[in-house]
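Naming follows writing order (A, B and C), and every chain is counted from residue 1.
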Amino acid sequence: MASLFKQVGAVTSMNVRSIPQRAAMSIASIVAVALAISVLLFFLALSHGLSQTVEGSGSNDVAIVLRDGAGAELNSVVTRDQLNIIAQAPGVVHRGQTPMVSGELLVIVDGKKRSTNTNANMPFRGIGPEGLALRHNVHIVQGRMFRPGTNEIVVGAGLLREFSGFEFGRTIRLRGTTWQVVGVFEAPGTVFDSELWADVAVTQSLFNRPNVFQTMRVQMTSPAAVQSLKRFVHDDPRLQLQVLSEREYYAQQASQSTNGFTIIAWFLGVVMAIGALAGALNTMYASVAARSAEIATLRIIGFSGYAAFFGTMVEALMLSALGGVLGLVIAFIAFNGRTTSTLSSGFTQLVFKFELSPGIVISAVVVAIIIGVFGGFLPGIRAARVRPQLELAAQ
Amino acid sequence: MTDLIRLTDVEKTYTRGKEKIAIFERLSMHIPQGDFIAIMGPSGSGKTTLLNLLGGTDRVTRGQIEFDGKRIDKMNEGQLTNWRAQNVGFIFQFYNLMPILTAAQNVELPLLLTNLSQSKRRENVKTALNIVGLSDRARHKPREMSGGQQQRVAIARAIVADPKLLLCDEPTGDLDRTTADEVLGTLQLLNRDLGKTIVMVTHDAAAAKFAKRILHLDKGHFNEQELAA
Amino acid sequence: MNDLTLMRKNLWRKPVRTTLLLISIMIAFLLFGVLVSFNVAITDVRTAPNRMVTLSKINFTESLPIAYYDRVLHTDGVLAATHMNWFGGYYQDPRRGFLAVFAVDPDSYLRVYRDDLHLTPQARETFLHERTALLVPRNIAERYGWRVGQHIPINSNIFTNGTNGGHVWDFTVAGIFETPDGNSQANSVLIRYDYFNDTITFGKDRIGWISFLTTSATVNDRVAHAIDARFANSQDETSTQDAAAFNRSFAAQLGNIALVVTLVVGAAFAAILLIVGTTMALAVRERTKEVGVLKTLGFSSGRVLRMVLGESMLLSLLGAALGLLAAAGVLYIFSRINGGGGGGGGLHLYPSVVGVSAAIALALGLVTGLLPALSAYRMNIIEALGRR
């Protein structure tokens, strides 16, 4: 065994040193692997970043209440009566005398995407007086919160980065009335960062939805209290409603938004990897052909066929590993951490960042290794079959 | 007999790095129509260079080469290529057949340079293969044939366009004695019956005997007596 | 035998190598065909140049008062107009995908979309007179196995049916229609506005948007200004634009698809350019001696160059053809899976995509063959044959 290792080592180092002789083809297959890997990484990072943002928006001890079967906020209806019943449910946190609940209404308004200057759907959320306190990681970073009962808006910092029309201090006309942007809030890594907020009562009246909410959010004393609220709602026939913890709700939304991207990532990634594999196979066959005299000589000296096989395999793995690393470098430089936006499952624009995770990096490395293994296997067998004949060695 | 080829004061030098190597300094010779010359000589004597100059695959540094009264040293690359296609057939030591083509297709190759119709081409190929005695191997690929057979296919390829001159570079260098003699017999036949002028470079004295005359080349010079004969 | 025979035989000299190259070229064109067709399907919905839409200025999801319809219809330069509402429907189980159900005014709709729907006279009559009539495009009817005359329950995930307190409405299939290639109505399921408006519990007497035809595309801008000016400073301000522009801006919401497609396809082509280019170079290098022989036989350098270029062209055209074939297959499967869903219905390989692919294939063949062809062109006979 030890001798086989030594043989493989010797053959491998000869192979690797001869790579520069096939520089163009070797570089071609490295680049092909790198491009396949970076396409895979692009969509996986997109999918992951999107999913992180949506999932990161929910907390465990906040309940979200929707119409039973609505599935998403936009389709949901919650009446004021229902809201009042739930506000009295056990387990709801009170601040002084007021229960911490927020009836909310989400409408869509047009903004302009900065990069393309085209219309884009902005989520415009009417929130109740407790709406801000219900969201733990939200801070006003410029200006102030809107005053209840006024036509004032606060805007998410993420939305501001990608879309224009709602800059701080700006006045906006909606439905024949004037609104003013009085503050900017930050809700890093959540969907709220790409929302506009205003007073729910004002929103209801101006958008012709008197006394209609879509959802309500309820601050519960604990995650367990969310479960008891579910039972409470289930047991009351007046409440044809669905209760979820905010985290559950956003986890559902995340999987809806990102499934498509994950499928695209693997479809494109695998298809491109097959193309790169074809290139790698060609390079490795050429390598074996170019070295057949050398391999025959080694075989005459007494090296085994296994050594020839593994030498080829290691060369293929090195090329594809280099390609994989290059792909990762491209990913880290070109798009990791970049902000972008897309239409979320809620039909509104969602701002998020491309985000690579250790799992994604490992997937990419595995794909590169698979290309290397497949790319080295058949050419390796061909190398192992080079016979130790003098006339071959003489060529 | 009229001269097919006349070399007058041919000079051929190569530069290797800064060094100038003279192969021929003032080489003159003439080859009559219908001649069969074997050129012998040690390595580096200029045999192959002479063959290249005669076949227009290399250019003289100075001097003249006339072929059938035309100055081939004055032709440009394109003219030379056309001239070669019409007038010269080549036979190489390692046959140099296209491995991807059948014997018949290999023989047909030079006819792609003519305006002959498909049927006329097929007829000529058949005739050429007949002459070298390989009609039954028309559909075989080179690797399915022996060395002698391959060389005979190469000869058929060389004669199919009916050139006046055949240039052979060690045509039997890779063959055993019996096979070599067969191939050389074929060349002799082409010279005698079809009147082809043949210039053959060889190391092999036995092969040289098949020619009408033998010239010895050494350091760029022919043996004057032989040349005069 | 002719030069093409030689090119073909040269190409298949190493079948494994050529097959691998064909696979990689095929993949690039597969991606090109699929992704660009997707992009075309999403962005290039074909609409007449004189077709326009009036929507709420706030966002197209906001509704407009029904009174606006009459005013738009009687604006100078408007030939015909109809109004539509988004119903947000699905059949039995939302997991089977959503249907693009629109509540329309039958009479005016069939006038405005006269050239878009191929409909039997009987289906037209039924839709004009039966309150619960429903028109469905063939691809969706086939997907759900619906037949004319069948009663179909359709759920809305937005509206509540006042007559039963639930979210389900009953319809009768009045007709199955077909649309021209890439038409905006290719996936639209149509129901009647009167039935819809009478049964919904909120949003009554409001319409989603107005779709209309102008007398000529040249008056589009003037008509748009006239309509929007008329409703300026009201509760419901409008935004009027031509339908093509609206479709484009709607597609742009998904993100810069064109850029992503360009990047991915660019990456695929960059990879094969390198793979095919270096392999062709190797192939010609391996054939050095044969090139020398051809030239010795009297083949001109130009002819040798053309033969190498021809070979690389042959390779890339063959790869492109295989790739487009695969793309057509993949698109067909996608369109089957995605039948009724948003936008996937009319998906296929567009002739324009095939045309551009052919041009790219020629360019690819030229670029990958050029350097090897030039080296064959320049190859010196004596050096090529190793004789001196």
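Worth a mention:
Throughout what follows, a contact is a pair of C-beta atoms (placed from the backbone, for glycine too) under 8 Å apart; a residue touches a chain by one contact, two chains touch by 3 or more.
These figures come from a predicted structure and were not determined experimentally.
Interface comparison, B-C against A-C: more C-beta pairs in contact at A-C. Innermost chain of the displayed assembly, by C-alpha centre distance to the whole-protein C-alpha centre, is C.
Compared with chain B, the chain whose C-alpha mean position is the greatest distance off is A. Remark: chain A and chain B have CA centroids separated by 71 Å (rounded to whole angstrom). The mean-CA centres of chain B and chain C are about 63 angstrom from one another, to the nearest whole unit.
Averaging C-alpha coordinates per chain places the centre of chain A 26 Å away from that of chain C. For chain C in complex with chain A, the touching residues are 16-17, 20-21, 23-24, 27-28, 30-31, 57-59, 61-62, 88, 94, 157-158, 160, 167, 202, 233-237, 248-249, 252-256, 263-264, 267-268, 270-272, 274-275, 277-279, 281-282.
Those residues of chain B lying in contact with chain C across their complex are 48-49, 52, 55, 57-58, 77-78, 81-82, 84-86, 88, 90, 92, 96, 98-101, 105, 108-110, 112-113, 157, 169. Within the complex formed with chain C, the chain A residues making contact are 24-25, 27-29, 31-32, 35-36, 38-39, 42, 69-71, 74-75, 77, 107-110, 113, 115-116, 118-122, 173-176, 207-209, 212, 268, 271-272, 274-276, 278-279, 281-282, 285-286, 340-343, 347, 349.
The part of chain C that touches chain B in the complex is made up of residues 1-3, 5-6, 9-10, 12-13, 289-290, 292-301, 381-382, 385, 387-388.
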